[in-house]
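Here chain A shows up in two complexes: once beside chain B, once beside chain C.
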Partner chain A sequence: MSTFVKFIIDGKICLSEEGKQLIEAAKENDIYIPTLCNYPGIPPKGSCRICTVLINNRPATACTTKVTENMDIKTSTPELEDFRKAVIELLFSEGNHFCPSCERSGNCELQALAYKYRIAVSRFPYFFPERTIESWHPKLIKDHNRCILCKRCIRGIKNNEGKTIFAYGRRGQYLEINIDPETSKNISDELAEQAMNICPVGAILVKEKGFITPIGKRKYDYNIIGSEIENQ
Partner chain B sequence: MTKKKKIIATASLAGCFGCHMSFLDIDERILNLIELVEFNKSPINDIKKFTKHCDIGIIEGGCCNDENVHVLKEFRKNCDILISLGECAIMGGLPAMRNGIPLKECLEEAYINGPTVKDVNPQKIIPFDPDIPKILNKVYPCHEIVKIDYFLPGCPPRADLIWNALYALVTGNELLIPYEVFKYD
Partner chain C sequence: MSKKLTIEPVTRVEGHGKVTIQLDDKNNVTQTRFHIVEFRGFERFVQGRPYWEAPVLVQRLCGICPVSHHLAAAKAMDVIVGAGTGEGLTPVGEKMRRLMHYGQIFQSHSLHFFHLASPDLLFGYDALPEKRNVINIAIENKDLAVQAVLMRKFGQEVILRTAGKKIHGTGAIPGGINKNLSIKERDELLKGPNPFNADMMIIWAQGAIDFFKNYYKKNKDFIDNFSKFPSNHLSLVRKDGALDLYHGVLRAVDANGKKILNDVDYQDYLEYIREEVRSWSYMKFPYLKQLGPEKGWYRVGPLARLNTVDFIPTPLAQKEFEEYKSITGKVSNVCLHTHWARLIETLHAAEMIKNLLNDPDLQSDNLVVKGKKQKRGVGLIEAPRGTLFHDYEINDDDQIIKCNLIVSTTNNNQPMNEAVNYIAKNMISGKSQITEGLLNAVEVGIRAYDPCLSCATHAYGKMPLEIILINSNGKIVDIKCK
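Our next item is the complex of A and B:
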């Protein structure tokens, strides 16, 4: 039987199973910690750093930290909020995020976080990198302009033999996530849809499924990201 | 006692005029607005040149040619406060989608190789008349050319966002931005 531990988040006494991911433990206690690269049910990666919180006054990512007894966690200080905003702005500057023409707009987690923090403009100069769009696949489109390299698709999407269908290609500033032509050959419609939904941005799209939800009915049109956790 | 009206100028650079259309979507509030402000150089009243110094300049669209840069610098000189209105002014927007393509390729596609032009331009001329504004190597957000004071995102920015921002700026009241009017699309 698992033991429960007591810890404190922003002054609130919380209870959760020992060894649970902090981000999940916080969710159980109706506290939302913003994240981009973390996805429930797949192993954490800690690549986006947005879930950085202060644990006993030291910064650490909430997705890769396990809760222990008497942890004192602060999720929101002015420095942390500014740090989070900076990371989001960096992502907007680093890629080509043209929200008005994106199929994922309104359902995009990166955009929703930018709405949450009311980011009107990036403090960094826009980089406008030269990126390509992979559209050879029969069911999927991989748009490298929008990819934030969070690796959710690599970690979460496997074909029926258990092999990953996404993989890193190239190196350094040219790093990109590609669709593997072999393992992705005969993927089902459900798996393709799953791949699109696991992507926090509009980098993985199922063909002929763009702009399917009208404006006003999309996920983040009226609801702030994380409000479903906080308002439970 | 009548208060001095604030003076507003607006311009559309590399934009589609959608932000100006959204501005007109403030509907009957335009009657309240006209009590508070007067317009100077703007496509709304068709005044082509600044006739006096303005309090607020509203810029739609980024900079894609040297004329855009010239107009933007004129606005900076003639306005106390400059506002970037809409995605194109803020980050280049749709015109900036060409930034990943070399300029030469863009022009060749537009004037020589594109399916609608390849049969009608046998001499393969890319327009170069000195009267035509020179196109820049890429599309620049306004704040990378001059200092911009405020940013109102959206494609187009919601009319309520424009109204709330202008009203707060002109009257000095607190600016309230509800979540549903702060959008990028």
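Our next item is the complex of A and C:
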């Protein structure tokens, strides 16, 4: 039988199973903690740092921290909000994110967070890196311009043999996530679709499906990211 | 001694240009040039992108007629996905696109005539700049100004319901469309409370033609003689010779109306069209290959279209077309007749919008069709400003490897240069000073083509319209900048 613990988020008394990811426990209590690298059902990584909160006044990522009795959590202070904005701005500066022509526009979590935090322009200089597009795969495209290296795809997308179909390539500032030619052979349409949907940005695309969802029907056309949790 | 005058706000053309006028010892005009000196290069940076991205990416060329680029690219992609050229789509696919396009024509033509061109007609090209603008139209003719705003708004609302956004939507996808028109959306446009419905737009479009015809009666000499020169004319026409702004075959006629390009398939446009590059402008000079660059240049746009087509397939516009033809003759080579032709097209667009809204095919769910994939596709459309060419090649991995765009205004490059030359020779020769009225007269000639210079050269940033007067020693006599 599960043990429930009591904890406080932004002054609100909350209940959840002991040992649950804080980000999930908050969600159960209708509190949204922003994230890009975390995805329900796959192991947390803590790579994007956007879910950083104050736990008993010390910063920690909500996706990798398990909830315990009497935790006192602050998800939104001016410093935290500015930190999150800075991380989002860094991601825009580091890659080539051209929302106007991106088929994930309206369904993109990075774009949705930028709207949530009212980011009009990055405070950091843009790198404009020269990056390529992997389009050799018959069903998928990997656009390195847009990849934020969150690793959701590596952790979450496996073939019938349980092997990941995405893998790291290159090193350091040139690090990229590639489609593995061996493990991605003969993947089903469903798995290709899952790969596209697990990507928080437009870095993984199913071929020839772009712009099929009309404006107005896309996930964040009318709803701010997180509102589906906060408005429950 | 040279001097530079600056007039703000900037001039009423979309994009920015420069005019140079060369004089001899007696201050006669020896050479004029309409320069476009900015460059961006969409054809290059679309390379490497997935082909289905093109209709959304390239429409960012323009904020005035993005629908035209969106649809021209989508038509090219139809060919690439094996959906055929124009007639291959499902009925809802083709008709939703047509509705989007006629909404675009309606709003763009309304914008141009009322907001950009009408101040010259109402106040005179030599009126003071502070008088000669759309604000004074609103002050002196409130009803006309309100109509102008609402007509443009109606066209934008049509685009919103077909493309998802008023500017830079995503409606057209390779092989079709991503949405149909709901009954609610249809009724908002068809049965909206007055004046915001299709019927009232038809009435207002007729009123705009009457406005021009009344002006023409009083100012026939000015309209007919301000700028005229013989040229070829090119456009798409429907296979039966009707005006069709969405799809058709390529037809060109010479200055006397003789067919010189006889209803050819635009997939083969490179067999007939060439582009010349000149060192002093980033805008190319297209011409008909068979006639060469000297004699093969042509006009596109409303004037050219009404010269190439045999009839207009909507009754009210056809009636106006007949009256127009009875006055202008078989072919008009008069620049300012373009305004008249544009207004007839505006009425045609309003009629087409109403017809399409009444078509139950728009509520169908059969949105997309695909066939055998091709490596190359060409999409042509009659944009508000004229024939628009999009040509793409892809590789085995679905990436665009080559792109060629011939934008409407590019097609009108030589005609605009001819207009500038005509006006300069008739109004400047022998004078050493450029008056403000002259500056605007040159603009009026350019403006008749409703040029979108940013589209044509893919320019960005602010560049003013500049006129430079140079004497026979190469010395700058006068510069005026708007």
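To be clear about the criterion, the second predicted complex is superposed on the first by the 232 of 232 C-alpha atoms of A that agree within 3 Å, B and C clash if a C-alpha of one lies under 4 Å from a C-alpha of the other, contacts with A are read in each partner's own complex, and residues count from 1 in each chain.
The rule is simple: contacts are C-beta pairs under 8 Å (C-beta built on N, C-alpha and C of every residue); 3 or more make two chains touch, one makes a residue touch a chain.
Bear in mind that the values here come from a model prediction, so they are computed numbers and not experimental data.
In the superposition on chain A, no contact is made by A:175 with either chain B or chain C.
After overlaying the two complexes on the shared chain, residue contacts for A:8 are found with neither chain B nor chain C. When the two complexes are overlaid on their common chain A, residue A:115 makes contact with chain B while staying clear of chain C. Look at A:99: by the touch rule set out above, it reaches chain B but stays clear of chain C.
Within the superposed three-chain arrangement, the count of touched residues of chain A is higher for B, of the candidates chain B and chain C. Of the two partner chains placed by superposition, only chain C is touched by A:133; chain B is not.
In the superposition on chain A, contact is made by A:208 with chain C only, not with chain B. Judged by the touch definition given at the top, the superposed model places A:224 against chain B, while chain C stays out of reach.
With both structures placed on the common chain, the touch criterion links A:141 to chain C but leaves chain B unconnected.
Taken together, the two complexes place residues 100-101, 215 of chain A in contact with chain B and also with chain C.
Residue ranges of chain A in contact with chain B, taken from their complex: 92, 96, 98-102, 105-106, 111, 114-115, 118, 120-122, 125-126, 128-131, 145, 215, 221-222, 224.
Those residues of chain A that touch chain C in the shared complex are 100-101, 103, 133, 135-136, 141, 205, 207-217. Chain B makes touch with chain A in their complex at residues 84, 87, 90-94, 96-97, 99-100, 138, 141, 143-144, 150-153, 155, 177, 179-180, 182-185. Contact residues of chain C toward chain A in the complex are 48-50, 52-53, 55-57, 60, 81, 163-165, 168-171, 173-174, 178-179, 397-399.
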